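Pasting in a structure now, in structure tokens, and then I'll have a few things to ask.
As written, the chain order gives the labels A, B and C, with residue 1 at the start of each chain.
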Amino acid sequence: MRLVLAGVLSVVLVVSACGGSDGSSDEGSGGGDGNRTLNVFAAASLTEAFGELEKQFEAEHDGVDVRLNLAGSSQLASQINEGAPADVFASANEKNMDKVVEAGGVEGQPETFATNKLTIAVPPGNPKGITSFADLAGDDLTVVVCASQVPCGSATEEVEQATGVTLSPASEEQDVKAVLTKVELGEADAGLVYVTDVTSAGDKVESVEFPEAEQAINDYPIAVLAEAGQSELAQQFYDLVLGRSGQEELSKVGFGTP
Amino acid sequence: MTLHAELELTRGSFSLSAEFDVPPGTVLAVLGPNGSGKSTLLGCLAGLFVPDDGVVTLGERTLTRTPRLLVQPHDRGVGLLAQDALLFPHLSVVDNVAFAPRSRGASRVASREAARHWLSEVDAAELADRKPAQLSGGQAQRVAIARALAGEPDLLLLDEPLAALDVDAAPAIRGLLRRVLRAAGNQRATVLVTHDPLDALALADHVLVLSRGRVVERGLTRDVLSAPRTPFTARIAGLNLVVGVAEEQGLRTAGGFISGIPAPDVAAGEPAVAVFSPGSVAVYPEGEHSAGSPRNTVAAVVGALEPHGAVVRLRTVDGDGWAEGLAADLTPAAVAELALEPGTPVRLAVKAAAVAIHPAFGP
Amino acid sequence: MLWIPAGLALALVVLPVVGLLARTDYARLPELLTSSASLNALQLSLVTAVLSTVFCVLLGVPLAVVLARSRSRGVRVLRAVVLLPLVLPPVVGGLALLFLLGRNGFLGYLLDVTAGIRIPFTTAAVVIAQTFVAMPFLVVSLEGALRGAGDRYELVASTLGARPWTVFRRVTVPLLLPALGSGAVLSFARALGEFGATITFAGSLEGVTRTLPLEVYNQAEADVDSAVALALLLIVVAVLVIAVARPRAVEGRP
């Protein structure tokens, strides 16, 4: 009975969490030669870089279908701990990777494969003339940040502590894309996001970098999962990400090297 | 107040064309089968539709003059009583009846007082505090009548008011309507739409017969019903009517006694009519006597023989007592067997059970 | 043999909730539920959901009557439009509200320039988002009831001398009360559970725009136990409201 319940619950969770994305549940990672599926659970900020690596990996491995499940790291960690079929997990912070490690879900040790740091996203042309982190404390500014429970939010808090500048945001969004959207739509004068997010947003927003961002460097760990149905392929994908071409793709979209 | 209406209206393949007057204090019955345009006609009078072409006036007021509806339904002073009582389910009986006075601006107390008066008029005073869901069909219709009257309408529209009642409740409500519609001194014009000639007979002064949107016949109720001039009217409304004075088990006429079954609202000694259909009249050669159940028999002379659908309708011209102008339906074979032709003397017989005695009114 | 699909349907609704109950950390429940973030979210949710329901009723009843009673052809199109919030993903609904009432939206720009009013990131934005998504529930249940009842009572009332507004007030609305009650309960439940449109249009800030569902989502990032506890609270509130309001609504007494 417990098993059935857990199954129903995790299906509901996965279905609701994945929304429109490719899903990850149907035949899992089974299948014989020439028709194998590799399920990669990756933080949403990795969308562009991992999209490229997916193509590369599929080109190099005949008959392998890489399925990317892109969502918030904590959602992905919950899904993995609830038994969602996953071979590789790339998290946007160590905290969520640790949740999976604690649950015994990781094969070996996670490895940091990229770093990210905060920047100030402003509408094109920087209409409010923001030049520093301290400028964000201005009264007449609508500033949007991440909630402290998500990685970009805790990074924001660290910067606040390091600089002694206290922000009074209009909203604490649930993920960095939501912050970016508010800036893109012009609802917010500024938002604190990752460097990579500004890169992927193209010319819809501009980035105002600030030195204090170095106080809160975010490490991205990757790991092969214990329950991986395709542990060999998973190891190869892991190697690709940490290898030279993987690092090139990541730096193209703004990630730093560990 | 006199109602005057001229209506022309087309809806798809159906068209209605009618023109009529209803003098104050009188009742006009619009008689016709389903689909003949009766409800459309009522809708035009109530102000629910605008005819394509036409005028409706009530007394001095012009209610409709195409292309415009000059007076909205709520300002017309029109009361509507439909087949279903349509009592507002969320209001008590007394508040249902008080609805019209209240809508006209009377205070709550005054409206309730008026409502209690009208409820006692329809013998429903004891129902005042009930909810409509707690009433029988007949009780609900009683209350609906009180509600329509409480608005003190200048024009009362009755849309098949007895059609939804069961056979036990209908005669009492018919009697009640008779009483309130014919109450002395009222100046109200009433239009009654019905498919039942008995309703027309019991309630209306005049009849207008509608067939596929056209007026095919009109006149005094008794004339139209007893001597239809068109086969259509004869088919839906051809009834034998004999006037007289009600007695315990029948009707005393100038030409003799007719046994029948009196309606509940018939009082002995009051003017009444005996009603029976042509199909219930049996025809025998002169001098022959029938036996069996109690019958009314009378001598008569054949006046005319007309084909009438599958049967032949015989009309008498002359005879003893009440036999004048009666209609009887026979099969063509019976006509041949009896060698009937105009001038043939015959004997007519009607079972007492087939004769209904109703109160009569008017001239 | 209806009980097999009926049982399945019930299982689909109930089992996930049972799963939730099974996962709840009851020892920490009081502490989790009485944190100031939880209480703020609960209070905000109740206030905004009640306000949205009131707006749904005030605006939705006339709309349902117009839709049900109008004979014009354009109404068919209108009816489909009214249902849009039901089919739109709530996030898209939130974006649509931003495009209208946001700082760069045409109405929002006007409000900002003329009156200095900015709607996004305010509690008002939460109420608007909830009203937007909950309105169809009220309109659909009312319109169904109106169509079922037809307009015969209204016709009778007008022949009894009642002006259109009196008819509406004394006949249409009282007859609608049962449907209005269930429609309002549905709207309230939908408003209470509203998430996507709120977070997109109003953002998420404790005490201002972070309603219970947003707080659940927020907590889920850090502490699943806390999120589960809050979800439980949301369920209890919803069940209470439905249990208390429903029987009275069905009875249909004014």
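Basically, a residue touches a chain if its C-beta (ideal position, glycine included) is under 8 Å from a C-beta of that chain, and two chains touch if they have at least 3 such contacts.
By chain, with names taken from UniProt: A = Molybdate-binding protein ModA; B = ATP-binding cassette domain-containing protein.
All of these numbers come straight from a predicted model, not from anything done at the bench.
When chain centres are set by their Cα atoms, the one at the greatest distance from chain B is A. Chain closest to the overall centre, judged by the mean of its C-alpha atoms against the mean of all protein C-alpha atoms: C. Centre-to-centre separation of chain A and chain C, using mean CA positions: 33 Å. Separating the CA-averaged centres of chain A and chain B is a span of 84 Å. If each chain is reduced to the centroid of its CA atoms, chain B and chain C end up 54 Å from each other.
Interface of chain A with chain C (complex): residues 2, 4-6, 8-9, 12, 72, 74-75, 78, 142, 144, 147, 149-150, 169-174, 178, 181-182, 185-187.
Interface residues of chain B, counted against chain C in their complex, comprise 46, 48, 72-80, 82, 84, 86, 88-91, 99-100, 103-104, 147-148, 151, 157. Listing the residues of chain C that touch chain B in their complex gives 152-153, 155-164, 166-167, 170-171, 174-175, 177, 252-254.
Across the complex, chain C meets chain A through its residues 15-16, 18-20, 22-23, 95, 98, 102-104, 120-121, 199-200, 202-206, 209-210, 214, 217-224.
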